[in-house]
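A, B and C label the chains in the order they appear, each numbered from 1.
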């Protein structure tokens, strides 16, 4: 990601905008710096403050928020600290859910992307359009429609009952599977598009060479195609995993108490009187840290790849 | 080596991929189609189909909750319009700096900055924005929503603009200057007209992103104001009513319409202009 | 081709120009004088700095040191739009959203010329490049050759004092290229504008130029007319870059009055013109393949200077290319014109080589 667009034009500019470049980039720095960077820093600060009863904070330094996340009786109490598993479990579950959603997107998305990439060039745009049009519908509406579809008394169950495949409505809503479907529905194009971009560049002469050397179709897929398309798969996976991790709508509308995820945990801290702002800030910081580490890791592998 | 003798094997085809693709499409469209269909249901039970009717659309526009939704829609539209305009202006400025200035210092940092809203998880942005506005005493409401929207619309406006600009050879601007055009004239007469499809596309993208936003809006809006997505969410929390499906269908159609426009805009002028460059590559 | 009488006025003075990109030196102390109404070519392989120099004259590169003068006035500090210099770009850089006429008139409009005048001039220039009927078309509707002519017309319309051409023919196919070369030369003569032409194609340079500057690695190797460059190369680079040549290792015994005395491989001595004064010691002779003859080595009457054996011969239609390995191992390539009397020597046959008078030349390095 970083590198391509940023570096292109770095050496070729005619010096037309000599001296003016700083002014041109200034608005972006002001707006994003002031309204995103600064807020994130403030959030970091807030995670070290004391909570106010009705929401908000008291400006007094405290590690209570992080303490609460990791430990039950506190690091600084009289008794020995006991690890609080509740929140760590929630995080772990979110990682798991996000991972499964990514896998689901991969299993369905890769064949789809490959299929489209192997169509006649004229048709490819149509297929891509078909895949991406649903994405442009409001995420909320998409999640709501998924909820509507898979409810106990919803059309899907009606359909399956009518077909005679099942005798009683399948309980899909408020399960892990429902959340998976929700996440899949939210982020599938993010998997398909990068994989498609990689697949489109695949040189079919490689497949021919493999066939010439006695490799079957699936062996070729495993040994030749997948490694070549891997950058797209990795990019797609990141693009699905990261938003899924912090997702709010899918778990909230489609999941239940047993599928509580980070997004809902955070949202809870800022609602009404039961909220704990520093704690919410702390959990957000932890989420942000994990995401940033993932992205840095990805960027690092990209630059190492380019250096090769 | 062919297992079916006499037939030319298509090395591209994998059995099972077509069904999976179709399954994928079904999974993507089914929920939406179902909602659309049921929005015309002449029954308030939303599970039994009892005939075609426009009563829920009627309810949306003229029913009990109509004023609430109308105000919410108005808010959404005006905010989207304002946010997209600001974000696009900032994005154009940034794109010119990133792609045409030779010695821009901190280029990588700027690129990271422009994409920062995309990299930070939405909920983190939402929390941070809420905390920030609260800390500086900026009362939650229309303006906080607008400001937050401008921030995350910038990268969306930037992407099509930058993509378009990259496909314009900067030798055209050099040629313009060679022919006595001042830098401002070169921008106005050469770069800007050629960039226009990208700017238009970026604007539309930013518009729809703003219109559709839920999470960040929900956090920073405070109690007194609703946008369409937050109004819909609030309503859904009380149970899915048929008028929700009518609104959803309407919003769905608007979104699709806008994106189609954006796509057409970015394709506009794609063919003749890039032809020149392609012909000359030997 | 008769040599035109060139003007003595210096149109462009490049004085000790250097250009650095960080630690990389693109131009190193380049000095040239380009005369009024001249067709001057910068010739060299890619990376030699010729395009950098051209862009510096146009104003798209800032030079790190030295001066660039246009009729005496230093233009190095001026931005491109204030230099009365126009460029024909390698990829033409036509404005895709404007018609041919709008493209051609662009410079004139920027110079605030009145409508009627601009249109008249535009018509005039289009006539010159034979594209009068295409005024209303857009660049996308033109072929490569037509686009190239529009680029030329556009650059000529504002009557610049200097026209720069950056490898404008490289994107055209061979037949078209040869036709356009003739046209370009014609146009230069008619308009009387000084042309600076950049190319890596030596045939192009030789056929079109009044004078050529051969460049390599940021430095000027030699400046001269096409004939001078070909027949009296200064150093190994120029000798090898232009046409084909054989480079012989020799031992220099003395250099006086522009002539050198050298010992050839095999021991015989030769007296030949010298490009520079060298101390006695090792040196290189340049001998063009077409300036040699095969002789019978055993014949005492012959003026054999070198001896060896034939290792290869290739029939090239007009010529016969013969490769001879000398006794000391070096391989010489000869081109013998095919005629009825040419005898094809057998492979492995011992032969002698005689040089035409003045064929050999001692190089500066």
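The rule is simple: contacts are C-beta pairs under 8 Å (C-beta built on N, C-alpha and C of every residue); 3 or more make two chains touch, one makes a residue touch a chain.
These numbers were taken from a predicted model, which means no experiment stands behind them.
Among the remaining chains, the Cα-based centre furthest from that of subunit A is the centre of C.
Distances from each chain's CA mean to the overall CA mean are smallest for chain B.
Inter-chain spacing, taken between the CA centroids of subunit A and subunit B, is 17 Å. Look at where the CA atoms of subunit B average out and do the same for subunit C: the two points lie 55 Å apart. The centroid of the Cα atoms in subunit A and the matching centroid in subunit C are 59 Å apart.
Multi-chain contact residues of subunit B (touching two or more other chains) are listed as 174, 177, 183, 186.
Shown for subunit A are the residues in touch with two or more other chains, namely 14-15.
Multi-chain contact residues of subunit C (touching two or more other chains): 60, 80. Touching subunit C in their complex are the following residues of subunit B: 169, 171-172, 174-183, 185-186, 190, 193-194, 269, 272-273, 275-277, 279-280, 282.
Listed in rising order, the residues of subunit C touching subunit B in the complex are 58-60, 79-82, 85-87, 89, 91-97, 106-107, 110-111, 138-140, 144, 147, 154-155, 158, 170-171.
If you check the complex, the residues on subunit A that touch subunit B are 1-2, 5-18, 20-22, 24-25, 27-29, 31-33, 35-40, 42-43, 46, 56, 108-109, 111-112, 114-116, 118, 129-131, 133-134, 136-142, 144-149, 153-155, 158, 184-185, 188, 204, 207-208, 211, 214, 217-218, 220-221, 242-243, 245-249, 253, 262-263, 266-267, 270, 277, 280-281, 284, 287-288, 291-292, 295.
Considering their complex, residues 1, 9, 11-14, 16-18, 20-21, 23-25, 27-32, 34-35, 38, 46-47, 89-91, 93-94, 96-105, 107-108, 110-117, 119-125, 127-132, 134-135, 147-148, 150-151, 154, 162-163, 166, 170, 173-174, 177, 183, 186-187, 208, 211-212, 214-215, 219, 229, 232-233, 236, 240, 244-245, 248, 251-252, 255-256, 258-259, 263 of subunit B touch subunit A.
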